[in-house]
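Heads up, the next two complexes both have subunit A, just with different partners, subunit B and then subunit C.
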Partner chain A sequence: MGNFQEQNQERNAEVAARSAFGGWSSRAAFNRGQILYRIAEMLEGRKDQFVAELVLQGSTSVAAKTEVELSIDRMVYYSGWCDKFQQVFSAVNPVASSHFNFSVPEPMGVVAIIADENTSLLGLVTAIAPAIAGGNTCVVLASESKPLCAVTFAEVLNTSDLPGGVVNILTGSSAELHPYFSNHMDVNAVVYYRNDKAEIKAIKENASLNVKRVFIYNKISLLSEQSQTPYYISDLQEIKTTWHPIENIGAAKSGY
Partner chain B sequence: MAKTIIPDFRKTPTVDQVGIEERVARFTTRSIKKASKMEGLKMVLSMIDLTTLEGKDTEGKVKQMCYKAAHLHDVIPGLPTVAAVCVYPSMVKTAKAALKGTNIKVASVSTAFPSGQSTPEIKILDTKFAVENGADEIDMVISRGEFLSGNYNFVFEEIAAIKEACGKARLKVIFETGELSTLDNVRKISDLAMYAGADFIKTSTGKISPAATMPVTLVMLEAIRDYYYATGRMVGMKPAGGISTSKLAMQYLIMVNETLGAAWLSSEWFRFGASSLANDVLMQIAKETHGVYQSSDYFSKD
Partner chain C sequence: MSTTKEPKLNFNSAWDLAPAPEDTKHISLKKQYDLFINGEFVKPNSKKYFATYNPATEEKIADVAEADEKDVDKAVKAARSAFGKWSKLTGKERGKYIYRIARLMQERAREFAVIETMDGGKSIRESRDIDVPLAANHFFYYAGWADKLEYAFPNKNPKPLGIAGQIIPWNFPLLMAAWKIAPALAAGNTVVLKPAETTPLTALKLAELIRDSGLPNGVVNIITGAGKTGAAIVNHPDINKIAFTGSTDVGKLIQRSVSGTDKKLTLELGGKAANIIFDDAPLDQAVEGIINGIFFNQGHVCCAGSRLFVQESVADLVIRKLKDRMQTLRVGDPMDKNTDIGAINSKEQLGKINDYIKIGKDEGAEMYQSTCVIPKKGYFCRPTIFLNATQSHRIVQEEIFGPVLTIQTFRTIEEVIEKANNIPYGLSAGVWTDKGSKIFNLTTKLKAGVIWANTYNKFDPTSPFGGYKESGFGREGGLHGLSAYLDM
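And then the complex of A and B:
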């Protein structure tokens, strides 16, 4: 985990994320859930500080309180999904041959995220939680105009048993940094929460270099429940299908 | 070579550890970019002794590594090959055959590598076996136990005897500095090995940690410099083990240049003993060439 401020630190952040991926993705899903829950608890412990910071950055105190509470709830929501989305998105597939055939989701790897620009905390949590809940590690660009909560949130992560390198927060300008996010050969997916059409186009083009997955979530409303679904976890999963030879017992008709 | 007077190694200069560490810290602050960086990276590649020294080595593994040595990354034209491959004596014949037609040397470890715990006769046989199978270079290990007990004559004579057994092959002497405890010891064994006939002095086997470090290498480079002033003979340097990133490798080159000068900046006088360094350098070269950061997924596994 780090709070890198310079453009060329993107590479260091990516290297940290890549080296953390093996350990994080192979943790028990239940344990990932525990850690996400711990993040939520630590967030809650510093609720007053986050509210005060949001007010400093221009929120009304009511809106600030709503945003922090929603951030905590969202983290709890995704902590619950850590060991449950696999069942929902896995399948045992009917096949015509003597095989036990099943598909399971596996994390993609390093996810580069350009988080929402208009919120300091909620956009960050909404972006990070589904990525790490699914076992990915990430490099995240925080809001450029409201970076204060990102720095504090990095402290929250640092005290939540989250292994180093799983979340790497950068502050800075998307205009400068988005090419490094999208053309890096060792990044597996890019998630973009902003509205700049030129950046979206460039990201899509650059991503073709190593056929990264690209997700543009520029239409979601962060305050609504629409922005927390297990589909944001499954977007960042690859589906692995296994064909396992079995005996054809008694000429059974079923697929497995 | 003119008859050299063998100095009393008990009077070898002592090393100022703090001074060495401060000097090393300065080497890591140089900024090398763009065209000079590319030249530096290519130079690093050309100085690598691509190494496999494992109990599980097979002829297939060695052949594969030899292919890699000659074809580092064919996607980018104009890259150098590595300087040498480094293998166990039993693999020399395989490596030699695989590298036929290239300028890549075959280096063989010897003298009961990595521990050096064997009889003098066996160590000489080990060396001769490697040389007869075509090794161009011999990487011997010293008897660290004898050195640490103060039996300098034993170590001196052992190196001299292996040098004789090498014939035309160049001799690299491995100190295993991670077992020598102090920089004073490193300086002492450096002097001793060079006067005993070493063509190269080498930090480590790569089997224990710490392996090569910059302070240890600097002490050895200074010993080479002093030896050169005293005798006029150039001796090569090979840090081995633990150098796995291009950034660190470039810092070593800076250290060589600023301690010994540009005359040592070729594969004849400086080598990196490494297995994973080559890929990192290739990734940096690809980054400079294509303009985007690279992934190890697109480079051959060593």
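And then the complex of A and C:
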């Protein structure tokens, strides 16, 4: 029964994420940046509540404060990337023939994320921000042992202009839910932040059903600066290359 | 009284050009090829050899060694022992070796082109003008990256991955070897490469070229065999990266096989591209694009424009022009410089194509083939189109990998985007219209890695190539193609 409910929960979340994708991915990048910044502001507004929840879940008050502040800063960091990573990762390709040719990143689609188990807020922000900054929508499994901040974070998202369905947070057990994430035929990528070798193997195996992209980020330290880079955005992007002929008739060259 | 019978073009007699066969005497081919491991050709542990045939004549060309697990292990060991020195070489020195490979390939271009055509069946015009020059240019392009890697990925300190196991298909044998080997070497990796079992010869000639180039022993190892040899490469524990180009089915198996390992993976798989013609397109150019899209390389192209979508208002006109143009296509001896469409790569592939043609007829689509005469010997297929195909037909949904085009009509942009994307593949697409804003509307909404607008089937070493969805992941070519071979 539990399984059935969890499967349903996951399926509903995926459907919500898929239907939100078209709108979110075609928003102006600037607008996505504004919305991520708004999320950071709302996080800041609830800072005391998040700190209290982290302390309730076993953090010292110093560590809790650090985690919340880092989460806010990280959201601001990715807010800024929303309309900049495209320029870093795109290219005009100097092909030898008479064509104009360029490559640009595009969001992959629906990303299923199994977030860090050991943090309640930072792991969620670290995982969600680069996915949605790049125009993806996501279904996220929050920490099972420290679920309190996930609920509050969902409230933050709900009050910060983020369209419904862009982020869908589930709570529960990875052991039970990971197969639904990796088997789902309408999920484009799976991101996994934990260390369970059997789960990693199963996720990668299931992903082959529809050639899902899988990213295992089990070696990153969430507190370090290395855990936030635009490369986490670009991992969840496809590169699209477009060709168009350049008319090359007549004598006029750029020299005149 | 004359009836208004549609005039039929028949170019069989009026366009009977005298044969213009490419000279094949200048090439050098051995009767038997061994495995290229650690800089020399060695006999296979299996002691087994298999024959490779000319699909245009059905004659045997040579025997080629079949590598077993022990041979694969030997190649991997050679690649491992070469890796230390090779990866520590300065980028500048690595680049020099790769430049030398490019130069030698340019010098031997004619021989490569002839052998490519003999072994694979593609027309000499294509192997001479496209496959071989592009392959050489690919080495030339990536040679220059070897000492510039730190500029490619800001704030990263890219390092080679180790040994790259590379498995390539039979449709562009030399070009795919170049796409795989050149970036791997530029990034400082060593390589174990397996060409397809029906087209091993240009890869083995490349092995000779690499030996002559003075590349350190073991940096590139080229071993031959079929699926079992490929599986042994995929499953070898000391390989760090797998790069595969081939069918989606095999790609999925490979993705599954490496799931319990840390092997990095890139896949370039099948496709079923939509080629979309709007009523405001330059129609004659579009017809050339349709022809090039589906009949280039006998349709053995993963990015072939195999699903044609024509706007309803111009459908009759486009189809008439297309049929006329198909009549002018010359199908036959691939070694003839006038040939447009050469031989189907193998008996097996011809069987598969014919099965799909039968399926298409059974499904109720209306078949049309050009009336050209095809040689009695060898594996040939007439250019084929299916009118009135529908989205649910198998010939529309599945990759045929032959000169078979399905044609659907559409009325609105929304409709054609929906139909174009409603397929598991996402490798490429084509759009034909004179209206710029419409082009960008389409190119941003089509889920495909390469989109040709008012052109089709263009390739360049600087241009990233690769798919969305079940067409695989990772890119080959350009700056983006480097990341597949770097640990960042």
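The definition used in the following text is that the second predicted complex is superposed on the first by the 241 of 256 C-alpha atoms of A that agree within 3 Å, B and C clash if a C-alpha of one lies under 4 Å from a C-alpha of the other, contacts with A are read in each partner's own complex, and residues count from 1 in each chain.
Definition applied: contacts are C-beta pairs under 8 Å (C-beta built on N, C-alpha and C of every residue); 3 or more make two chains touch, one makes a residue touch a chain.
The shown structure was predicted, so the numbers you read here are calculated from the model rather than taken from an experiment.
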**Study point:** First, second, both or neither for A:14, with subunit B first and subunit C second
**Key:** first
**Study point:** Which of subunit B and subunit C A:209 touches, first, second, both or neither
**Key:** both
Review point. Is A:91 touching the first partner subunit B, the second partner subunit C, both, or neither of them?
Key: second
**Study point:** Which partner, subunit B or subunit C, touches more subunit A residues
**Key:** C
Review point. Just subunit B (first), just subunit C (second), both, or neither: which does A:201 touch?
Key: second
Exercise for review: Would you sort A:103 into first (subunit B), second (subunit C), both or neither based on which partner it touches?
Suggested key: second
Practice item. Considering only touches as defined above, state whether A:244 meets subunit B (first), subunit C (second), both or neither. Key: second
Practice item. Please indicate which partner A:231 is in contact with in the superposed arrangement: first for subunit B, second for subunit C, both, or neither. Key: second
Point to revise | Contact residues of subunit A, present in both the subunit B and the subunit C interface | key: 209-210
Check your understanding: Touching subunit B in the complex: which residues of subunit A?
Key -> 11, 14, 180, 183-186, 209-210
Review point. What does subunit A use to touch subunit C in their complex?
Key: 88, 91, 93-97, 99, 101, 103, 106, 108, 188, 201-205, 207-211, 213, 229, 231, 238-245
Study note, to complete from the structure: Residue set of subunit B touching subunit A in the complex reads 291-298
Study note, to complete from the structure: The subunit C residues in contact with subunit A across the complex are 137, 154-156, 248, 251-253, 255-256, 258-260, 267, 269, 424, 439, 443-444, 448-455, 458, 460, 462-466, 468-473, 475, 478-480, 488
